[in-house]
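The structure is given below, and queries will be raised subsequently.
Labels run A, B, C and D following the written order; every chain starts at residue 1.
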Amino acid sequence: MDPNYRLIISCPDQVGIVAAVSDFIAKHQGWITEAHQFADPESQWFFMRYVVRADSLPFGIEEFKARFAPIAERFAMHWEINDTAVRKRVVLMASKQAHCLSDILYRWRSGELLFDIPCVISNHDDLRGYVAWHGIPYHHFPVDLPDKREHFAAVSAQIAASNADAVVLARYMQILPPDMCEAHPGRIINIHHSFLPSFVGAKPYHQAAERGVKLVGATCHYVTSELDAGPIIEQDVARVNHHNSADDMVRLGKDVEKTVLARGLRYHLEDRVLVHGNKTIVFA
Amino acid sequence: MDPNYRLIISCPDQVGIVAAVSDFIAKHQGWITEAHQFADPESQWFFMRYVVRADSLPFGIEEFKARFAPIAERFAMHWEINDTAVRKRVVLMASKQAHCLSDILYRWRSGELLFDIPCVISNHDDLRGYVAWHGIPYHHFPVDLPDKREHFAAVSAQIAASNADAVVLARYMQILPPDMCEAHPGRIINIHHSFLPSFVGAKPYHQAAERGVKLVGATCHYVTSELDAGPIIEQDVARVNHHNSADDMVRLGKDVEKTVLARGLRYHLEDRVLVHGNKTIVFA
Amino acid sequence: MDPNYRLIISCPDQVGIVAAVSDFIAKHQGWITEAHQFADPESQWFFMRYVVRADSLPFGIEEFKARFAPIAERFAMHWEINDTAVRKRVVLMASKQAHCLSDILYRWRSGELLFDIPCVISNHDDLRGYVAWHGIPYHHFPVDLPDKREHFAAVSAQIAASNADAVVLARYMQILPPDMCEAHPGRIINIHHSFLPSFVGAKPYHQAAERGVKLVGATCHYVTSELDAGPIIEQDVARVNHHNSADDMVRLGKDVEKTVLARGLRYHLEDRVLVHGNKTIVFA
Amino acid sequence: MDPNYRLIISCPDQVGIVAAVSDFIAKHQGWITEAHQFADPESQWFFMRYVVRADSLPFGIEEFKARFAPIAERFAMHWEINDTAVRKRVVLMASKQAHCLSDILYRWRSGELLFDIPCVISNHDDLRGYVAWHGIPYHHFPVDLPDKREHFAAVSAQIAASNADAVVLARYMQILPPDMCEAHPGRIINIHHSFLPSFVGAKPYHQAAERGVKLVGATCHYVTSELDAGPIIEQDVARVNHHNSADDMVRLGKDVEKTVLARGLRYHLEDRVLVHGNKTIVFA
C-alpha cells in the first residue's frame, strides 16, 4: 500500500469548506484517492475525510500541517492528518474469554488489520501463553484488591507507558472508572451484547430467552463515563429461536461480538469514525 | 391445498407423550405431513404441532376430539385441533398509516395468506376508501372522546360482533386497556419498532439517530396488559447510517415492520406459535 | 422538502475536479446539503453527486447549466443536473403477479416515493381494476400474437407517448427485445430472483430446493441487451430451510423482490445510481 | 453435558414410523431431550433426529442397536446412533490462508466445539508453528509433484491412519480427485465463496466487483465428485458497495467463510445434517 495522508475534519457547516480544502490540495497537485463528506442538517455540522497520496504532494506531513493551519482556523475546524505509514498503537485488554482477542490477533498477525500491539493487559493470567506465542508482552493486573483503584492505576500507567493511540476492551468485563474514560475520549473501544428490546439487570441472555427473542446482537462503541452509552461505531445481529438455550445465545452472541468488534476496530484504525456529541459519522 | 388437521399441544414434559400421540394417529392410519416437537429444559414443558391429512383419517374432527380427549387428559395437555378448511377470522385495526394494512391486504387478496377479514376498525376515516375497494366493511370509531373507554367499548363490541379469532394491530397507535388485552390472550397481534439498545420516552427514532445507531428493527408480539412486553413472535432489523435522518429511519423501519408483521401473522394463522408464560415457541 | 438541484457527474479522474466544482458552487453561495464522491482506482474514473439548495443560488437551473458548461467541458464530464421540484415520470410494467406493483403503488400514493406514473402497461388485464382505483391509466397489450414484435412496438409507442423518464419492470415476465433495451440505457429497471449459486434453466426455485439452498435472493438491475446481466443496483436475500417447499421459496423470494425493487427505484429516483460500463456506483 | 444418544433416521415415508420409534423409546423409559422430524413431500422420504438421555435407558448403546434393529429393518431405515460421550475425529486441511483454520482452532481449544483433531494436513508448511502451539500434529504434503496423485495418495493414507470421522477443507485450495470424494460421502466438508449471481472462471471477486454486486457470500457443503455442487449445509452473505475493491470483497468474504464453516461444522458434529440425494435436511 502506497503511503497516504488521511485528512479528517469536522467543523460548523458553511459555504466554501469543500472548495477551500479541495482547492488547497489541488493547487499542490494532491491526488485524492478517497473522499467522504457529510453535512448534518440536525447539528449544522460538517464532516469530511480525504485520503491523499503522499507522493503526489511536494511536501511532507509537517509542512502540510503548517500550510493548512490557516484554512483550518478560518473554518474553526477540529482536524487531524495521519500518515498511513505510521501504524497506530493499540493496547488490547481482555479477561478470560478469548473469542474477541483471538479474532483480533489473527487479523493482526495475518496483516489483515495494520496496527501495532504494544501489549495485552488482563485481570487474569489465563491468556498469557497464547499471547506470548505471538511475541506480545502480557501484563496481568489482578482486580481482586481491597481497592480497585490500585488495579486501574496500574492499567492506566501501563497504557501511558505503552504510548498507546487506542485501547480495545476485548471483553475485559470490568467497568472503567469515569476519570479513565474521560482521559481517553474516542480512544477506548468496547464491545457488548445487545438485544431488541434491551434487558437491564443480570443475566440478560436468560431474560432474552425467557422473552423468546428472535435476534441477539452486539454493539461496538466508544467508552464514555456513562456506562455502555457512548457513540456507536458498529452493530449487528444473529437469529436465534426457541431451540437455543441461554447458553446457545451466549455462543451465538460471541460470533456477532467478535465480527462487530473487528469491523469497529478497522473503522477506527482507518480514521473512518468521526464523533460529534454522542453521534458517530462512520465513513465506511 | 388438501384439508389438513393441525394438532397443537403443550403440556408438562414426561416420557411417552410422543408415543401416545403418534400411536393414536398411526393406528387410525393418519398421515402426518408436518411434525414439530420441542421439550423446553428450562420450564420442563413439552410442545408439539402435528399436521395430519384429513382424508387419511376414518373420522372427522369432532370424533377426533372425542377419541383424543382421554390422551389429552392423561398428560394434562393444553391442546387444540384446527381444520385448515376453516379460515380464521381476523379483525384488522389501523390508524392513518397504511404500510402494514396495505401489505396485509395484498397478501389477503392475492391468496398468499389464507384468512377472512370480517372488518377493518380504525380511529380515523382516512383508509375507508382503500379498504372499501376490497369489499371489506370499515368501522370508524373516533378516539377523541371525553372518555376513551367509550371508544374501546365500541371496538370490543365490534370485535365480538365480528366473531373474530384474532385481532391485528396494524399500527393502530392506541394503547389497549388492560381488560381488553386480558380478554384475548395470545389473540391480539401487535407490531412496533425496536432498537439496540431500546430508547424509552418520546421520539425514539430521533434518539436513535442522535446516538448513531446502525440498525433499526421491528418486533411482532402478542399483546398483554404489560405494554409492548408480550411474547415475541418475530423480529428483524434493517441497516441505517449517518446519512439517514430520523425520518429516513422511520421509513426504513416501516419496511421492517410490515415484513415482520406479515411473517408473524402467517405463523399465527398456521398455528405455528405456541405461548408458554412470556416465551414463544415458533415452529417456523 | 425545499427544492434542490442534484448535480451528477462522472469523468476521467484527475487532480482538481472537486476543487473546480466546489469552487463554482461556493463562489455563487451554493449551499451543499449532500455530497458524495468516488474515485474508482480500477477504471481511473471519477464520480460525484452534489445536492445544492436551489434557493441558495442567485440563478435558476438553466443558467446553472450555461455557467457550468465550461467546467464540464474542461474535465470531459458526463453530467446532468436535476431539479427535485420536477418529478420523474415512470411507466410501470407488470404481468399477473401484483406483489411488486402493489408495493410500489403504496409507496407512490403514500408519498413515500415521489414520482409520477403516466400509466401501467401489462400483457394481461388482471390488474386493471386495482390500478384504475388509483386513477392511473392502464394499457393492456396482449403478447400472444403471431409476431411478438407487434406487442413490443405497441409498448414502445406507449412509453414514448408517456414521455417517460424511466420504466420499471415490476415482474413483467417478458424478455425485452435488444433494440428496446438499447434505446433506454440505464432507464429500464428490472427485478429478478437470485440464488447462491445461481441455477440456470427452468424452475430455478425447484432446483434450489433440490440442492438444499439456505438463502434465496433478488437482484434489481438496469436492463441491457444481455439478459439479466445489466448493472446491479441493489440485492438482498432471505433465509430458507428444508421445511420450505419450492412454493414457499417463491413466496419468500417475492418479499425480497418487492423490497429490493423499492430500494432500487428510490436510488434511481433520487439520482443516486451512476453507471460506468457494467458497474454501478450507488451513493446510498 | 450429560451423555446423550443421538438417533438419526432416514427412510421412505409411511404411517407409523414415529409411533414405532417413540413407542420403543418410551417403553424403555427413554427421556427425549431433542426431537426433529421432517417428511419431504417431494421425495416422499422421512427424516428424524432424536436425542435421548443415556442414563434414562436401562441399557447401553450396543444393546440399543440390537433391540432397535428389527424396527429399523421393518421401515427400511438408514440409521445410526451416536454417543455424545464419544467425540468425532476431524482432520483439518488447509493451505496458506489461516482465517478458517484459526477460527476452528479457537472454537476447539475453547471447548465451544467438542471434537478431536488427530492432525492438520497442508500442502504448505506455513501454518506449522501455529498448529504446533496447539499440540496438534502437522503434516506437510507438497503438491508440486510431477504426479499430483502422489500427493492425494499421501493425504488419503494420513486420513485413514488418523481414523478420521470427517475431514474439513478449511480453504485447502486443491480439488480432490473424484475417487477420494466418493470414498467419504457426507464426510468431507468444504467452504467456498458464493455470489448472486455466481461468476464462473478465474478471479470471481474481480468479476463481482466489475458487475457491481452488493452481496458476497459463502457456502458450506459436503464434497462430491462434482466440483462445488455437493449438498449445501449452510450459507450466508455480507454487504459490499462500490467503495469495496476486489481485495476488500475477498476480506469481507473471508469473514463470511469462517462463520459459515464454523456453523456447518457444528451441525455436522452434532449430527444435525441429514443428506438425501443432493438435498440436506439441517435440524438446526
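Everything below uses one rule, namely that contacts are C-beta pairs under 8 Å (C-beta built on N, C-alpha and C of every residue); 3 or more make two chains touch, one makes a residue touch a chain.
Just so it is clear, the structure is predicted and the values come from calculations on it, not from any experiment.
Asks: Considering only mean CA positions as chain centres, point out the chain farthest from chain C.
Replies: The chain lying farthest from chain C is D.
Asks: Please state whether the interface between chain C and chain D is built from the same residues or different ones, using more than half shared residue numbers as the mark of same.
Replies: Chain C vs chain D: same; shared/all numbers exceeds half.
Asks: For chain B versus chain C, what separation do you get between their C-alpha means, in angstrom?
Replies: The mean C-alpha positions of chain B and chain C differ by 35 Å.
Asks: Just curious, how far off is chain D from chain C if you go by their C-alpha centres, in Å?
Replies: Roughly 41 Å separates the two chain centres.
Asks: Could you list the positions in chain B whose residues touch two or more of the other chains?
Replies: As it turns out, chain B has residues touching two or more other chains at 34, 38, 41, 243, 284.
Asks: Can you tell me, using the touch rule above, whether these chains form a line, ring, star, complete graph or other shape?
Replies: Graph shape here is complete: every pair of chains touches.
Asks: Name, in rising order, each residue of chain B that touches chain A in their complex.
Replies: 38, 40-42, 194-198, 209-215, 217, 219, 228-229, 231-232, 234-237, 241-243, 245, 277-282, 284
Asks: List the residues on chain C that touch chain B in their complex, please.
Replies: Touching chain B: residues 34, 98-99, 102-103, 106, 110, 112, 130, 133, 243, 251, 254-255, 259, 262, 284 of chain C.
Asks: Flag every residue of chain B that touches chain D in the complex, lowest number first.
Replies: 15-16, 18-20, 22-23, 25-27, 29-39, 41, 56, 239
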